[in-house]
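Two complexes follow with subunit A in common, the first pairing it with subunit B and the second with subunit C.
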Partner chain A sequence: MSIDTREGKPSRFGGNLIGVVMLVVAFTVSLIVATVNTLRIERPSETVIRIAHWQLEKGYREAMQEAIEEYQRRNPGVKIEQMGVTEKLYNQWVNTQLISGTAPDLCEMGHSNMLTKDEYTVKYFIPLSSLITRPNPYNADNELKDTPWKETLLDGMRGGFREGLQEYYGIPTTLISMRLFVNRTLLKEATGSDALPKTFGQWMEQCRAIREYAKRTGQERTMVPVVSCYGIQSIQGAYEVPFTSSYERMLDLDLNGEVLPIETYIGYRKKQVTLQDPSMQALFQAMKTVGDQMQLGFSGMDRQTAQFTFANQRAAFLSTGSWDASGVALQAETAGFELAVIQMPLPAMDEPFGAYIRGRQNEASSNGAGVYGVYKNSRNAERALDFLMFLTSREGNEILNQRSEWPPLTIGAKPSKLMEPFQPDPRGYNARVNISFGPRVAQAVTAEMVNFYQGFAPFSEFERIYNEVIFDPRRGGDWAWWNEYDLRRRDVRNKERVLAQDLALELINPGSRDAGRTRRAVLQQLTRYNGTDYLWLFRTQREADPYQVWKDFQPVFP
Partner chain B sequence: MQVFALGDGGSVKKLSICLILLSICHTPALASTDDAFAAARQTLVELDWKSAIRLYTPLRDAAKPGSKEWNEATYCLATAYHHVQPPSYDTIQSALNNYQQVIDKASDPRFVARAMMNLGRVYELRDYPEDIVDMDKAREAYEQVVARFPGDPIAGEAALRAASTLVMAFDEPNYEKVKAGVAFLEKWLADHPNEELASVMWQYIGDAYFRPLQDYKNALQAYEKVDKLGWTDQGNQGPWYWRCAQLAERFLDQPEPEIAAKYYAKIIIETPNSGKAYESMQALRRLNKPVPYSPLFAKFDPTAQPTTQEAVTTQPATQRSDR
Partner chain C sequence: MSTTTTGLTRAPAGGPGKIHPPGSTGTTQAPSAGGFWQRGKLYIVLMGLMLPSLIGLLLFTYYPQYGAIKYSFFDWDGSESREEFIGWKNYKDAFTVDPLFWQSFKLVLILLAANVIKMWPSIMAAIVLHRLKSERFQYIYRVLFVVPMIIPGVVSLLVWKSFYDGNTGALNAFLNATGLMQVLDWLDRTMAGDGVSTGVVNTAFAKAVRDQFEIFGVHGIWWMIIIGVLLIIARMISGNIRKHRANPAAPFLSGGAAVMIVVALGLALAFCTWPTRPMNVFSLGTTPWLGNPNLIIPSVIFWGFPWVGTVGVLIYLAGLQNISTDVYEAAELDGVGSIGKFFQIELPLIMTQVRINLIFMTIGTITDYGFFLLLLGPYGGPGSKGMVPGLYMYSAAFIEQRFGYACALGMILFVILLAITIFYQRYVRVDK
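Here is the complex of A and B:
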């Protein structure tokens, strides 16, 4: 109860009156705000587009805002609102918005089942195939002016393609690539020069010098030359093509320009490729040399630890992707060391392993990331798509990616200084020997190979276990072959659903469906032969009856 | 009301009242049927087969057999049973029964033709674990479509499907069925110069000649026809371009460097993201042919073997002059 100061007696209404007044004011303000907001939504004086994403990394939102402002300047009466939601919450938040019919006009595709699974994608997002074959009007002043929008992106818009639906449901806006980060300051302290390694031999020489430096300065327990955010596999990924692409001529049976795991298995059984081949041995031994420059038991090091080690100048080289670049650059700046970014150095001809190098792995077929879909119930879907056109025009893409320090995706868009080394290099080869045929073999390869690279087991042990697994009738190459056959057969069946939908809707409303899409689906289905080509391949290449070899494997239907 | 003013007796009044009441009762019903069909169609758009069964069943039951509404409802019901998950013997039987009803009773031949095709699809594909694939029965169904609708575009699709049931046999060592399938399609294309699926058919023929028949000359000729007609899966034809170039350069008794060069150039210009543009440039130089420009390579010297590119560095804050 409050006190009436004039009378010195308790007041019956004084305190309550204040409360009531506050309540009324709050109610009135809320009512006004709610009414104004409702009116803005129901009868907007301007077109409002909402774009949601989970990219809260340093600089992304500012970059998006800059792109938005430029777009708004060019399109008066349009307002774009970006909604950054944390990665952890994005899933739940976007699901709720989609179900309640209030989702943003543009959603970054990923994380949530509703944004990744085909059945939800068709329900909530607009198919884009028919819209991306026209030129992007925002490229009118550059040489891409007559190029179909789809082809103006470095990945040919593959990042937005849904294989199961045979349809584009998103527009990618950025690229990702793996690189080697170098602490030049530490390099100079350790080796006397901050010259970056141009070859694999130079790199390993510098690593040895850093080991010596660590020993000299009493840091041998804490300092290592190389750390990796994603284990040694991400480093090996850059060397498999250089060392093994020469096998393509021998192993690429379907002449599609790649060596599929199934083709590697065929070649392995026929001894066209063995683990003892000089080029294969060169690959494994080169990776062992890298493994020797990483910390003991490096397979247990996670992304955060690797970054922390590098940021604290306890490693001179860090292997990670473009998405970490601005964070690492900031850490370098804070810690006061000079940072450089390079591609993985290849052995020179006159160095060990150099004789087995064909050339670098090209990055021409990298898929775009930062994919945005257009919400089906958007009141301004056309305008939302127009904004994506701007975002992926040369200028728009430059604004978005330069400011956010991500690699741009549009052909000719200039990257930021930091991102220049991350631009995909289209030069080089793409085929590689892939000995990890099937998930079960892959599991064994990963575990045993890392043991060898860490020095826990000799190569002969890896080879013994690999042969044991790959020739194991229940989990090896034959099982993986059956698995591929089964997946292929099911893929044909799944395509039948998409075709059935198209054909039924076309019957109901003639001319309403994209005939090109139907033809494409028919062709893709036909050229997978219901999987029977894999049975034939087994009979003729494996020289065995698949029904006999696979008799214990049961098809698993979804 | 006007109707009463115009009436000349009790019977007219009663009739008018009946008409008004009827129209009042009937209008919402019509609207509701339209809405129900719209909702049912939406389930197809969303590949929601369970809801399609739920919504189309009463619509089919309420419609007069052979009517427009019945055609749609029965056909879509069949389609929904055909694709609903999990699939079972019962769902597939329901699909077959409904397709058969469409074939027997539908007034629109388009629905009939498609239902006949779909019988073939059911026989051709394994729909549930114990399902038995019956290629002969499937081919029979497709051939019936060709026989009953010879002038309709669906006949071409049925012919292609019929041929594929033979090609899929992969019957080594003589490949009689594969050859029969290819011959059937070639004859079809000769007899139907305006076939809508001609490009798809030639690509399929080319693939069959390539593998399993290993007749590389005919494979390349078939692909050349596709190239003239236009590739169906635009943007993804890179692997076929590479195959054509390899066939022309390495696999023919008489190599065709001009044809090989044409496909290498196409890879660079049309499918630079296929991963083969750099090697195509090398191949063109090897063949002494001009290398076309690609914006993808604008910043890179395609003649240089890439090693470590010039690194870009960031200076620590203390050494930077721009901050």
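Here is the complex of A and C:
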């Protein structure tokens, strides 16, 4: 109670009372809203499904809403609520919801350990392996009607597969790919032709012409040929396979068609691959050539600035992913320039670096994205899964991806016109050399390599630092190797949980066990048990342990 | 005059704000058994009222801290699968095998020194505001200082980031328009050489300062700074011991400290911080302030110019408004001028506020990572030049998935901060 000091009497309408009233009102309103929402969710006459994601890019929410409305039209009595949460908050938000038991029925998987780590996935999400082998009923009117659901997606549903658990825990709904956006209007103004570059040499030639044009028109300080939403790393990503896939035969020790970072490290130790190899040098020098066509000190440019620069016609080429396509297309329309989308041009045989190109990167092996998992505590898990079936049916996937201008994932689903260039290119190779092995080496590569590409340090400087870090026994390649091995050892517990679950299911309901999954899990246990695969690599590929990083190792074989 | 409320009595002379139990007047009275019981009941009620806050404090502030202490002794990757007690290993690793963590303190020391200087504009602004004769304008200015507080920090960060943009940033536009860019270009060529001249930092003397000035493996400039800081500490301690007597050693200690630090900073600025190769980034007029490794630290220091922090100004202003007008009138009678008033009245009398801001600034500088993360990414930008301990801790936890180790780094930071705070409390003197 407040004191009216002028009168010396207690005041009935003092500040404290107002505060109490506000508190009571706020509490009452919250209570009513919470009760109404709970009742709505629990209303027997209406099934409410909540779907949460962080895709706030232009068009996605509208597309999802369109798909939802179509589904609701077909399924009266079902209401689907879309919850778009900003990317930066999704982690905290979804963690809180999962722990408190109030998570949405469908959650986009990612950004949070609770959605990406196996031990949490097992705890909070429904395993889907047994459910995805049936045909998708929403494909009943097309040729996919008898095809198992997982086979109806371009990636075979790999995007939702958890290797560690040997189980599907999510359904992917879209594809993503990186491309080069071109301002054809500016290109024509600068070079006299709007022909798109077919080779790396042509691309660089056009970049030089744009530099000249900027100089001629007094825009030298504001115009650059190339900008990238994700730095030069995303551009380099498109060239690593073409330049370095030939190392596969030499470095792929487990013959799985990929060169893992540890295999690169082993090769680097044995000098099977060095930073001075002609093909590695060709890759670095090609990227330096691209870096020269970007803004001076481009590492300071973020995603928004890159898009803004391109939209304002102060750059002719923009490197970004399919998820930005609709936004960029709208900006191009507003600014009044013609937009084209192409794959990163490769050097031709008769051009510089062309001799080191093996072929294009194969995009067919890329996993689907926009993966949604079904929450274990969902009251309407079957209905939620049914909605995912609709979303990944040919029709549903077209609605979602055409409206949002994302590449569709379901076989036969037609992409929008804008998305045609984003469809995965199945030609080419998979393997690449990845010199970032372990977090500290990755830091050195990211932070130091960019200095070379920006022209602020010679390549020898990067090489010196890289060698210093990769051979540092405390945080370099050996440490990362030991750490990976240690992770494998600990991973055994998760595998045992999967196997125990299978055995329990078999005991309760004989014949229910997924024999294939059990076989795979047992095989993994045998080959990886206590990190035996990494131990085998160490014993066969590593001459000695000079730093004794493995001294604590006590092998325990099954 | 005493004001009676239900059950509580506010005593007139028992010290402002003292609350006495019902039945008590606040004067000395022998406590009766009933009074004791009633007082006990009141204390129980008061403790009960405090309980929710106390529980909240324990649950949301102290429990996570306890978790951080606990996990600093664990090999923990943030999940349940990897949680193993490893004793002091994380701490041992931080002190023995992790040079990057300690390297990140170099940047923090530079930023701390810069931030001490950056505190002055706020003090000056508060004094100017305080001395404004018109109360109306004083009010308007105060409001103007408060308004920026409602702008989210991320917005001002993005605005400043756009200032630094190489192609379209306001900073480059200003430098190009005023011709200062050419001055920077000239400075770059003069200091680092341009192929024709050697450059100041490549002279034999500069090389000697840079490369051969080492004692016990530590660079001489760091020794000079360490000695300077030790002299300052000695000055403060001796001043504290000899509080009521003249301190004959004080001028020598202060003078020695000043010479050591000024010479060290001068040598460092001239020969050690400037790159030995020309940057060649000024001639085009599109200087990449956040993209060039050599320009990251100057850009971070210049950030927020003219460094008039709104919260700081308001805190100083609150301190200044407590100064009695009698003091000013007496000073005027003694013929003290504006500068004299600042050094002899205002600055000594707002030292409590200065100390508070100093503590907040130090804590902020040592623990901050969000600013660097948003600005330069998890690796601290090109060459990791923007790697501070907080960011290092963040990357240990969220990039390397070594949460236990990150907790240990956090505990080390906590101990360092505690030591600095105690030092400030003890030796940043407040003379009233």
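The rule is short, and it goes like this: the second predicted complex is superposed on the first by the 386 of 558 C-alpha atoms of A that agree within 3 Å, B and C clash if a C-alpha of one lies under 4 Å from a C-alpha of the other, contacts with A are read in each partner's own complex, and residues count from 1 in each chain.
To be clear about the criterion, contacts are C-beta pairs under 8 Å (C-beta built on N, C-alpha and C of every residue); 3 or more make two chains touch, one makes a residue touch a chain.
Quantities reported herein were computed from a predicted structural model and do not represent experimental measurements.
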Practice item. Look at A:T222 in the shared chain and tell me whether it touches subunit B only, subunit C only, both, or neither; answer first, second, both or neither. Key: second
**Study point:** Touched partner set for A:S234, first subunit B, second subunit C, both or neither
**Key:** neither
Check your understanding: Now for A:V450: first (subunit B), second (subunit C), both, or neither, which partner does it touch?
Key -> second
Review point. Looking at subunit A, which partner touches more of its residues: subunit C or subunit B?
Key: B
**Study point:** subunit B versus subunit C as contact partner of A:P426, first or second or both or neither
**Key:** first
**Study point:** First (subunit B), second (subunit C), both or neither touched by A:G297
**Key:** second
Point to revise | First (subunit B), second (subunit C), both or neither touched by A:E119 | key: both
Exercise for review: May I ask you to decide whether A:N91 touches subunit B, subunit C, both, or neither, giving the answer as first, second, both or neither?
Suggested key: neither
Exercise for review: Name the contact category of A:G336: first (subunit B only), second (subunit C only), both, or neither.
Suggested key: first
Review point. Do subunit B and subunit C touch any of the same residues on subunit A, and if so, which?
Key: 119, 493
Study note, to complete from the structure: The answer for subunit C against subunit A in the complex is residues 3-6, 78-82, 93, 97-98, 100, 161-162, 164-168, 172, 176, 279, 281, 284-295, 377, 379-384, 395, 399-401
Check your understanding: For subunit A, which residues are in contact with subunit C within the complex?
Key -> 1, 3, 5, 8, 10, 113, 117, 119-120, 220-224, 295-302, 305, 309, 314, 439-440, 442-443, 446-448, 450-451, 454, 456-457, 474-475, 487, 490-491, 493-494
Study note, to complete from the structure: The residues of subunit A that touch subunit B in their complex are 118-119, 122-123, 143-144, 150-151, 154-156, 158, 182, 184-185, 196-199, 254-258, 329, 332-343, 345-346, 348, 359-360, 362, 364-365, 411-412, 417-418, 420-421, 423, 425-430, 489, 492-493, 496-498, 500-501, 503-505, 507-508, 510, 516, 519-520, 522-524, 526-527, 529-530, 532-533, 535-536, 539-540, 554-555, 557-558
Practice item. Sort out for me which residues of subunit B touch subunit A in the complex. Key: 41, 44-48, 72, 75-76, 79, 82-83, 85-87, 110-111, 114, 118, 121, 124-129, 133, 157, 160, 164, 167-170, 172, 197, 199-200, 203-204, 207, 210-212, 232-235, 238-239, 242-243, 246-247, 271-279, 294-300, 302, 304-309, 311-319
